[in-house]
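Labels for the chains are A, B, C and D, by order of writing; each one numbers its residues from 1.
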Amino acid sequence: MYKELKNLDYFCKMGFPEDLSIDLATSISKLSLRNPTILASGILGSSCSLLKRIEDAGAGALTTKTITKNPREGYVNPVFVDLGYGYLNAIGLRNPGADNFSKELSKAKKNIQIPIITSIGGSSIEEFMYVAERMLESGSDALEINLSCPHVEGYGLDIGSDIKLTQQIIKQLKSISSKPLFAKISLHQSRIDILEKYIDAGLDGISAINTVKALAINIKALSPILSNIVGGLSGPCIKPIALAVVYEIYREFPDIPIIGVGGIQSPEDAVEMILVGASAVGIGSAIVRKDLEIFREITRGIGKFMLENGFKSIRELIGYIHRR
Amino acid sequence: MYKELKNLDYFCKMGFPEDLSIDLATSISKLSLRNPTILASGILGSSCSLLKRIEDAGAGALTTKTITKNPREGYVNPVFVDLGYGYLNAIGLRNPGADNFSKELSKAKKNIQIPIITSIGGSSIEEFMYVAERMLESGSDALEINLSCPHVEGYGLDIGSDIKLTQQIIKQLKSISSKPLFAKISLHQSRIDILEKYIDAGLDGISAINTVKALAINIKALSPILSNIVGGLSGPCIKPIALAVVYEIYREFPDIPIIGVGGIQSPEDAVEMILVGASAVGIGSAIVRKDLEIFREITRGIGKFMLENGFKSIRELIGYIHRR
Amino acid sequence: MNNRSSMNKPLNDEAGSIQLPRQTQSRYILGEVYSIRQLTPSIKEYTIKLEEEINPNPGQFAMLWIPNIGEIPLSFADYSTGTVKFIICRVGFVTTYIHRNILVGSRVFLRGPLGNGFTLCSLKNCLLIGGGYGLAPLYYLGRILAMNNCRLKTLLGFKNSSDVFYVSEFSEISDTYISTEDGEEGFKGTVVDMVRKILAEETFDIVYVCGREQMLMKVVKECSAKGMKTEASLERIIKCGVGLCGSCSVEPLGLRVCRDGPVFDGRLLLKLEDPLKNNREEICIKN
Amino acid sequence: MNNRSSMNKPLNDEAGSIQLPRQTQSRYILGEVYSIRQLTPSIKEYTIKLEEEINPNPGQFAMLWIPNIGEIPLSFADYSTGTVKFIICRVGFVTTYIHRNILVGSRVFLRGPLGNGFTLCSLKNCLLIGGGYGLAPLYYLGRILAMNNCRLKTLLGFKNSSDVFYVSEFSEISDTYISTEDGEEGFKGTVVDMVRKILAEETFDIVYVCGREQMLMKVVKECSAKGMKTEASLERIIKCGVGLCGSCSVEPLGLRVCRDGPVFDGRLLLKLEDPLKNNREEICIKN
């Protein structure tokens, strides 16, 4: 039922003025999205009510906070730094754990119509499997394995750096479900040889990129700011890095859908990400400056761009610069 | 003779006002520097006259453009993008080649008193050896092997990603000279296991980091800007990334001198880089906004910071935050 | 941080309402502790001089960073030309460290103002209701309202007489009443009892509340039943402070204390099924 | 880009000198070709409307980007309120592409103004000397000087009569003379011959030159011998355009055309041991 409504419903809600012939719908693997904006993992994605607000704000799909088997409090404050041209965070995978979150997710599946992608974290195959099973039981529309969080030992990047282990995780997850399986990678894994192995193991799509390992000092305090010292860089300054990663993945694997994430702050940024090859864009730290209005702003702006430049469907934009 | 003069001479030239008891001298391996500012590789380092201007502008040492065996024209324009929070370039290792540059270097060694580090590039052990021999003949004070340029196939990062080959290059270069040997690395090589192997092979110091692979789109042109499409990101936005790399190298290898490079635009940035573990700082794209005055501005500002915070010598600042 | 969520519209959009400038900056500003007053055995007041102006609105908060120790959210208890006051209650690791080790002359770091404060009005008849360190934002609010010629009445609730503080400060700007549960000072009972008594006789254009969530809820219910507007300041665990991480969500509303709040229209609170017993349960972790 | 190197100080610091605003921005500005004129068989004039104002100084340059084709440095041949003129000589890949494929209505991209332009003065007695597409910066310069009530004389050198262009434009603002080597139009000989003749009779407060480097050098020597101030615009291979890469170094001086120039005080040129035969040898590569 929702599917039929998707564009119309969307335009009605937004009062999209110009032209109903513009098709903003996109898809990543088996997921159909009313528009290409996706809430990135770790951003407001830890409760049903927050996820619902983002749906109402106009997103095309939602990614949850990365969920681990046990609850994690994360690091003590400070966990966040505003650098002006970007942000640094070391939240430390703070999350309610798989059992608690599965209840939230069940509730969310009842109240929310757009696809929900659950981000799962783990420090072993068993942990990934445990979390994945809970999330699938609760109706998750797709899974995204976090191979790239740069600041939690034994998780994220530490797992993603072990290519064999990652291949096994992908194979086992694919063996328990036919729901789409994505990998959230960092620029460190954006090597063709590595991604080829992931894809051979059954991966259905790639989210790129996670934050980049970074550190901020306050010179007046003669001290690092984050309690964890090292954190992950996000925001405008990583956009050019993310564009290069998405560009190279698309060039090598044009059939693998890509969720382009990193520094998207405006419709123009989103269009750039789609031009280099993303089928959808993840939105994270833009919320700091623009708050939840960012989802509508970006979708509208993409529509406006398409109208002005004679594109009828998002599909024509995806990877456009590779075809010039 | 120059050595005796180093600080006095320096202060006289700069009219450093406050306090002659502040010791701005630093050292990296066997090189003694009058102050910790070093011209980064690829910045104005391709002729004697340009190198001389940078000495006159107050730098503590100079790194040449990366020199390859044969002359290279580099990529066609556009090769440079100003992103506001950083810069993107794909110059493409444009350089006059080892034979031509060895003449420039001999001239430079006659006219310049501060240390000159020659950056050498190659796509094989033989090329590295050839260039190194020419540069050492012409009096280079140290060598820096470029393992990290992100946008020239067969060079830089492509070499640096082959850990065994890099070990061999280091061993062979160390066998022909006792001059200090540094490696210019990117964030991709900043893994402890990799660096351990380089150091075991005889490396004397590390320059970190080179530019980060990135891409910029001009949306009105529906096109990437750089003729090479992909280039390297430098400037303010990579400082937090460089700080994290230098921090981790110093934590694991406190005895290996580090040249911290990436986004240094002000004395405060330089102090931050030294606090996390750099013995000296490389200065590159800051020249776009500040021109050559940046060298004096940074040295003076470091002196002022030391006075205000009760530090007597740069050595006390190096890696300070690890000792809190 | 500057946009009020549509669910949290100002009550008061008339020409009479005051608009102070808002800021979105989240970098640290250096401050030096200028004076410290012990207000009760567990509460101290810190006056801090900042290296630059920040101009918070009453009800907004700051993150106070003590390098190597931690960072905590605090309401502005007062502010004028670069000098800020915080009222800090000792409850755990960071607040205990501050009470013991932060002295006159200590350097601290502050990011803010963050969040949305109270709706400000002029020439109105306002009631302030607070308990414990909830007095902090109310005092700054009261001072600004008084400057704008509002008629103010203040009801402050404390457990025992040893917990009483800031009565003379409030008395200077408003008609102030206190309650203690043992009755040693002022009205005997809880602040909620006192509120009921006052509301039986008087009505107000707007009621501002800050304190424990269960107290807030009762006050909001009483006032709403009588058709009075209320605004209340809430607490949750603040991590990012800028509306990104979801840690401070007020469930089941999905409102972020750090960005949609900390001050909310009381009508929203009526939807809170289960007010927190103390303000510190970790929603994000517990769910 | 805004600081003149100390070696390249303005000649002219009196109150009379005009200061136009300078910009450091290096991002692209969109332009649309408004009209095109064929000036000679190998030279065309392009008038381009920009989407924003850039206000270049005479002598500054822009990088013109044709997506997928390339990017080349061009002097401003004229500018007023968002409309720019370039004079483009067909010499190689990008310029040939432009001559063939860039039409009225085509979109192009421009970053600039870059570098340091000519020293501007008012109420002076000025001589402009140019050849080939070197006329470009001189025309814009002349127009601004004329507006500032300078007395102008212009000497333009061309190979043959078919190469002659912009004579009527210059005549409108200045007392203009031309030379051709075959003598079909104007003075017979090179522009340097004509300069010698004029300088035998007249002196000038300042002489501005733009054209081939060997011509520049001769003019500068003649004028310097007579104690006249000169400024000349140089060319080297421009890559970054912002003073970072070293590609445009004027050897053996270590001056960057893109940032310290392209306009230099003539006295500096006297130190150039070996002027380039054409302006296009790649110093960085050849050494």
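The definition used in the following text is that a residue touches a chain if its C-beta (ideal position, glycine included) is under 8 Å from a C-beta of that chain, and two chains touch if they have at least 3 such contacts.
Because the structure is a prediction, the values reported are computed rather than measured.
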How many steps does it take, at the fewest, to get from chain A to chain D if each step moves to a chain that touches the one before? 2
In terms of CA centroid distance, which chain is the most far removed from chain A? D
Intercentroid distance (Cα basis), chain C paired with chain B, Å: 51
Just curious, how far off is chain D from chain B if you go by their C-alpha centres, in Å? 36
Could you grab the centroid distance between chain C and chain D? Build each centroid from C-alpha atoms only and quote it in angstrom. 66
Where in chain C do residues touch two or more other chains at once? 68
Overlap residues in chain B, where contacts from two or more other chains coincide: 83-84, 222-223, 324
Take each protein chain as a node, join two nodes whenever their chains touch, and name the resulting shape: line, ring, star, complete or other. line
Which chains touch, pair by pair? A-B, A-C, B-D
Would you tell me which residues of chain A are touching chain C in their complex? 42-53, 65, 71-74, 76-84, 87, 89, 91, 94-96, 100-101, 103-104, 218, 220-223, 225, 227, 284-285, 287-289, 291-293
In their shared complex, chain B is touched by residues of chain D numbered 3, 24-28, 30, 63, 65, 67-68, 70-72, 107, 109, 111, 238-247, 249, 251-254, 256, 259, 282-287
Which residues of chain A touch chain B in the complex? 83-86, 88, 187-188, 212-217, 219, 222-224, 229-230, 233, 236-238, 240-241, 243-245, 247-248, 268, 271-272, 275-276, 305, 309, 320-321, 324
